[in-house]
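Both complexes below contain subunit A, partnered by subunit B and then by subunit C.
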Partner chain A sequence: MEEIKTIKVTIDNISIDVAPGTTILNAARLIGGEVAPPAMCYYSSLEGSGGKCRTCLVEVAAGSTADPRPMPKLVASCRTNVMDGMVVKNITSDRVLDARKGVVEFLLINHPLDCPICDQAGECDLQDLSYDHGTEGTRYAFARRTFVKEDIGPYIQLHMTRCILCYRCVYVANQLTNERMHGIVDRGDHAAISTYISRAIDNDFSGNMIDVCPVGALTDRTFRFKNRVWFTKPMDAHRDCENPECCGKVTLWLRGEEVFRVTTRNDQWGEVQRFDGKAGWICNTCRFDKKETKDWVIEGLTTISRHSVIGANKYKILEMPKETIANVMHGRDPRLIMDIHSVSGVNEPGMDLSDINRPATSTDFEQHPQPKN
Partner chain B sequence: MGKKLLLEKAEVPGIKGYEVYRREGGYRSVEKALKMAEAEVVEEVKKSGLRGRGGAGFPTGLKWSFIAKPEGVPRHLVVNADESEPGTFKDRYLMEFIPHLLLEGMIVSSYALGSNDSYIYIRGEYDWIADILQEAIEEAKQNGWLGNNILGSNFSCNIYVHRGAGAYICGEETALIESLEGKRGNPRIKPPFPAVKGVWDRPTVVNNVETIAAVVPIINDGGEEYSKIGVGKSTGTKLISACGNINKPGVYEIDMTISVEEFIYSDEWCGGIANGKKLKACIPGGSSVPILPANLLLTTAKGEKRLMNYESLSDGGFATGSMMGSGGFIVLDEDQCVVKHTYTLARFYRHESCGQCSPCREGTGWMEKILLNIEKGRGKMSDIDLLWDIQRKIEGNTICPLGDAAAWPVAAAIRHFRDEFEWHVLNPEESQRRNYGLAGYAEPLAIATV
Partner chain C sequence: MQALTNRVKTVSRKPMNFLERLYIPAIIQGMIITFSHIFKKNPTISYPEQTRPFSPVFRGLQILNRDEEGRENCTACGLCAVACPAEAITMEAAERQPGEEHLYREEKYAARYEINMLRCIFCGLCEEACPKDAIYLSETFTPADYQRKKFIYNKQELLIPHPKEDPEAYKKALGNRAKQQDSDTKN
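Now for the complex of A and B:
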């Protein structure tokens, strides 16, 4: 058997042997941990992606053994192949960290930061990126760019204001679907993802656009505002899908027995897992129509990084609190628990709410008008 | 009077048409080149020391020798006529008045590169020039200079004019290639370079109009002869499009040995500053190169006279120098406001950023907004440092040079004219009524004699 030739690359003083043709980013991912640069636009299963967001910039301190000169500019690690003897600096380079801080700032100046009402919150690459590499506060003192929300088809909503123009969804449409219905219109900071004349994207694999979106620009209309991802419990599941292109292996996001949404199975880098060398994309039938547990063969809990808000230990070891409400309330069992503040006058009725042996309603306030001081 | 190679015959009546052009010695270089081997033509261009006239100044012969030659794959020559840099209009003059010179250069270059289908990518705004070129192509075809088996040789060549749709970014070679293929004009991520994978993934050379036109005198007189004009690595002649506050704006052909001072004040060229004003600053090579105050423009930091050539203009790096760039020579007199000027350029780059990579897309818009605030008297002192920080984070971190082109003018303006920015911030009302005028940095003639 012929020996497979590998080449040696050193990233942040850690050496690794990789196959020729590997990018710096993928070599760094093999090392793992903090050495792997963040990537917002690169997606390994989408051909041609990457190079755009500039968050994965690294410094090449030595080009190769044959030509050890450093590269003058920082390079996009997702689109630069390693050479034998290359020395790369990622987190050990102040230049890289400074540039990355700049890129994060640029990505955030026009981002609405509406995380509290965004479905992507909790699994958003931009949140993670700004948490890891951003700064507190902003130096941007102008109105942010906004767009009108748009429903593109029955399943997907486009919230262009949040978009960081990673082009991933364009590559999905190019590579997974028969006909691309959307693209980038305009240029510069008013460039937008659009179907141009509000057309519906109707394709068996269009749902994968939602999964590849690193932010909340493309959201699942069947899941919108239904739940927060950290309240749901991800389970690996599969079914025999009739569609030959569909992988059928998914993650179900459950709360109780209810399936709130279905997504592709993702790896630790937030990208779709590969099965038998093929990216595990799923069809829209699996994603949007099979929303009952009986549709699926459940394999078990999805492994989630312990750092993720989703995996914050809350369903593996569930401890019941010892002080139950019923005990504290001396046997009374309210159906509604309200947190009553004293800021508004409405919350200061001329009566003791604890006198009512049931949840308070608005009529209680009418019967007991506010005391006049 | 410097030697003219490209514009020598530009004033001849009727030179636009084929008959006159041929009578004046046109298409001689094609006759000569077709008798040479392809490699010999490339060798002549290498010997000439010709450097790319589009802005970067990369040696043309070297660029040609990089083109990959895989078996059975066609190669292409693409002429970049997407001249959109503010202040640059030299290619327009060349194509409008002597279109056959470009075609002649293209046929020779196509022969050297083995391109049977060559393209002129012309900016959409030059629509009447596209018609002129199309007409010239028809004439050349009728007279046997284009088509199959030119002059009975084995070489066949066709030239196509492709109109752009009005995007500055399509002057970047890989964006131009994307646009030529009919796609959105986003720059490609390099490598692979066009010499390996260009138009339709075939080996491609993209050259500026003036570069290709310069191939004609190189073949006619020989590369050696061409390299004797000029100084050092700045060989041959260069077209300069001069504009701004000068007495005689226009396109001039210089031989790169004259000084900047001579170019501005001599009656042969710009004819001095208009209305008897003083020179304040100048952008010597198209809007994206750093602006220089008068004293640094006329003399280098070493105290030498600055010459109109690649090396001298970039002497001192960006700290005290600038760049030859595309030859868009923009002169500002004492009444011009550098803040407003920088804002205008920032607005241009914001409008023209393709929006593909984040530093340029977001950074250009941010800089424009801050500059508008300062210009309108709403600025803060910290804004100047913020601008500096933003441009620093754009420069070098983008896919294509548009990010650098947007960052450099802002950086240079702050570097050399920080006092003017500060004056704008400190005197918000006065800055709306009058311009800052001259400061100590601009007493050109006095400094030049020191």
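Now for the complex of A and C:
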């Protein structure tokens, strides 16, 4: 049997053997933990992605065994392949940390910082990145670039103001839909995702753009303002989708029995999980139309990083424990001191926000007047 | 047994003498202490006519703030609810429609906002968590009531009076701390 040739690379003083042709970023991800550089634009399941955001910059202290000279500039680790005997410095290099701080500052220059409104808050890559690598204040005193928000199709809302131009959604439209029909128009400060994207909305897999977007530029319109991400409970679930291309394995974001949102199942790097070597993209039917728990076979609670706010205040049990009082009290139920629904207007039994296929408005709430004290 | 502290006093078991058995001197001694308090400063006040000043860090009933034009500050971002250790705060958000700009400051607002005062422990973490200057713990007590349901405060009960429609009540709701801030900025 032919021996598979591997090459040795050292990242932050940790050595690992990888296959030739691996990028520094993927080699670092094999080591895992803090060694892996953050990535805003690179997406392993999208061909050709990467090299845009510059957050994954690393220092190459020695090029290879054959040529041990260091690379003069920091390199984008998602686009640089490893060489045998390469020595890479990521978090051990002050230059890298300083450069990354600068990159975060540039990414946030035009960002509106409207996290209290944004539906992405809590699972936003830019939020995590700026907490980890950014500075607290801004030095930018000029007017920020603004765009008018638009609905691209009934399901997706585009907030161009929040966009960091990572091109991930362009690759989704390019690789998951049949025709290439959109890109980024204009240059520099005026660069914007073109409205051609709305034509790609017809395609069954356009909803995956929402999941690949590292910021809140593309958000699910059926979930818009319904709930904060960290109040919903993520559950792994699957169904037999009629679409042969659709993976059918998803994460449901539940609140009680209500399915507020359906997304692809993500791995520890925030990217779509791969099943049998295929990326687990899901179709729009699974994502937008199956908002009932009975449509799905629930497998269990999604594992959430313990540092994430999404894991806060969640119970791990799948089934509610049985009421014991009635058994002990010869079938008599405990006396209810107050039924919260008789007073509270929140989570009213007659009103399912998840059933409304657009953001809730004042008229929706007027139809269900609040109970009076 | 060895005493744990040096404040321990051993009880005297010796029989009382004649003067002590009379009890009268002891009663007079006690009365002197009692009546001397008539001439001391009164520690109580006649509430509610008189009130004591609150400490600057007093944390009372929550109030939902409005801006100068009377628009609600709250955007239902949920940070108060996730910060709340007692899980007393619940809310539901809605999207602002064209024509509602005078009511809500931003495109998202809290259509329903409730604080369960039976749960609230007045820790003030909601005020600390709020990025929109929308929730404050005021200088008011939560009124007592006989019914539990009176303690579920909805948005209308929590909102500060409108600064333009009802400027007097608005000023009163701002309380002493706001007055202090005014004089601070003037100086």
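Rule of thumb we're sticking to: the second predicted complex is superposed on the first by the 308 of 373 C-alpha atoms of A that agree within 3 Å, B and C clash if a C-alpha of one lies under 4 Å from a C-alpha of the other, contacts with A are read in each partner's own complex, and residues count from 1 in each chain.
Note that in this section a contact is a pair of C-beta atoms (placed from the backbone, for glycine too) under 8 Å apart; a residue touches a chain by one contact, two chains touch by 3 or more.
All values derive from a computational prediction rather than experimental measurement.
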| item | value |
| --- | --- |
| Subunit B versus subunit C as contact partner of A:309, first or second or both or neither | second |
| Partner chain(s) touched by A:54 [first = subunit B, second = subunit C, both, neither] | first |
| Partner chain in contact with A:116 - subunit B first, subunit C second, else both or neither | second |
| Which superposed partner A:91 touches (first subunit B, second subunit C, both, neither) | neither |
| Subunit B versus subunit C as contact partner of A:184, first or second or both or neither | first |
| Partner chain(s) touched by A:76 [first = subunit B, second = subunit C, both, neither] | first |
| Touched partner set for A:230, first subunit B, second subunit C, both or neither | second |
| Partner subunit C, residues of subunit A touching it in the complex | 114-117, 121, 224-228, 230-231, 309, 312-313, 337-338, 340, 342-347, 353, 359-362, 364-365, 370, 373 |
| List of subunit B residues in touch with subunit A within their complex | 167, 169, 184, 189, 350-359, 361-366, 369, 386, 389-390, 392-394, 396-399 |
| List of subunit C residues in touch with subunit A within their complex | 75-79, 81-82, 87, 90-95, 97, 100, 106-108, 111-112, 114, 131-132, 148-150, 152, 154 |
| Residues on subunit A engaged by subunit B in the complex (per definition of touch) | 50-55, 57, 73-74, 76, 79, 98-99, 102-103, 105-107, 109-110, 139-140, 142, 145, 164-165, 167, 183-184, 186-191 |
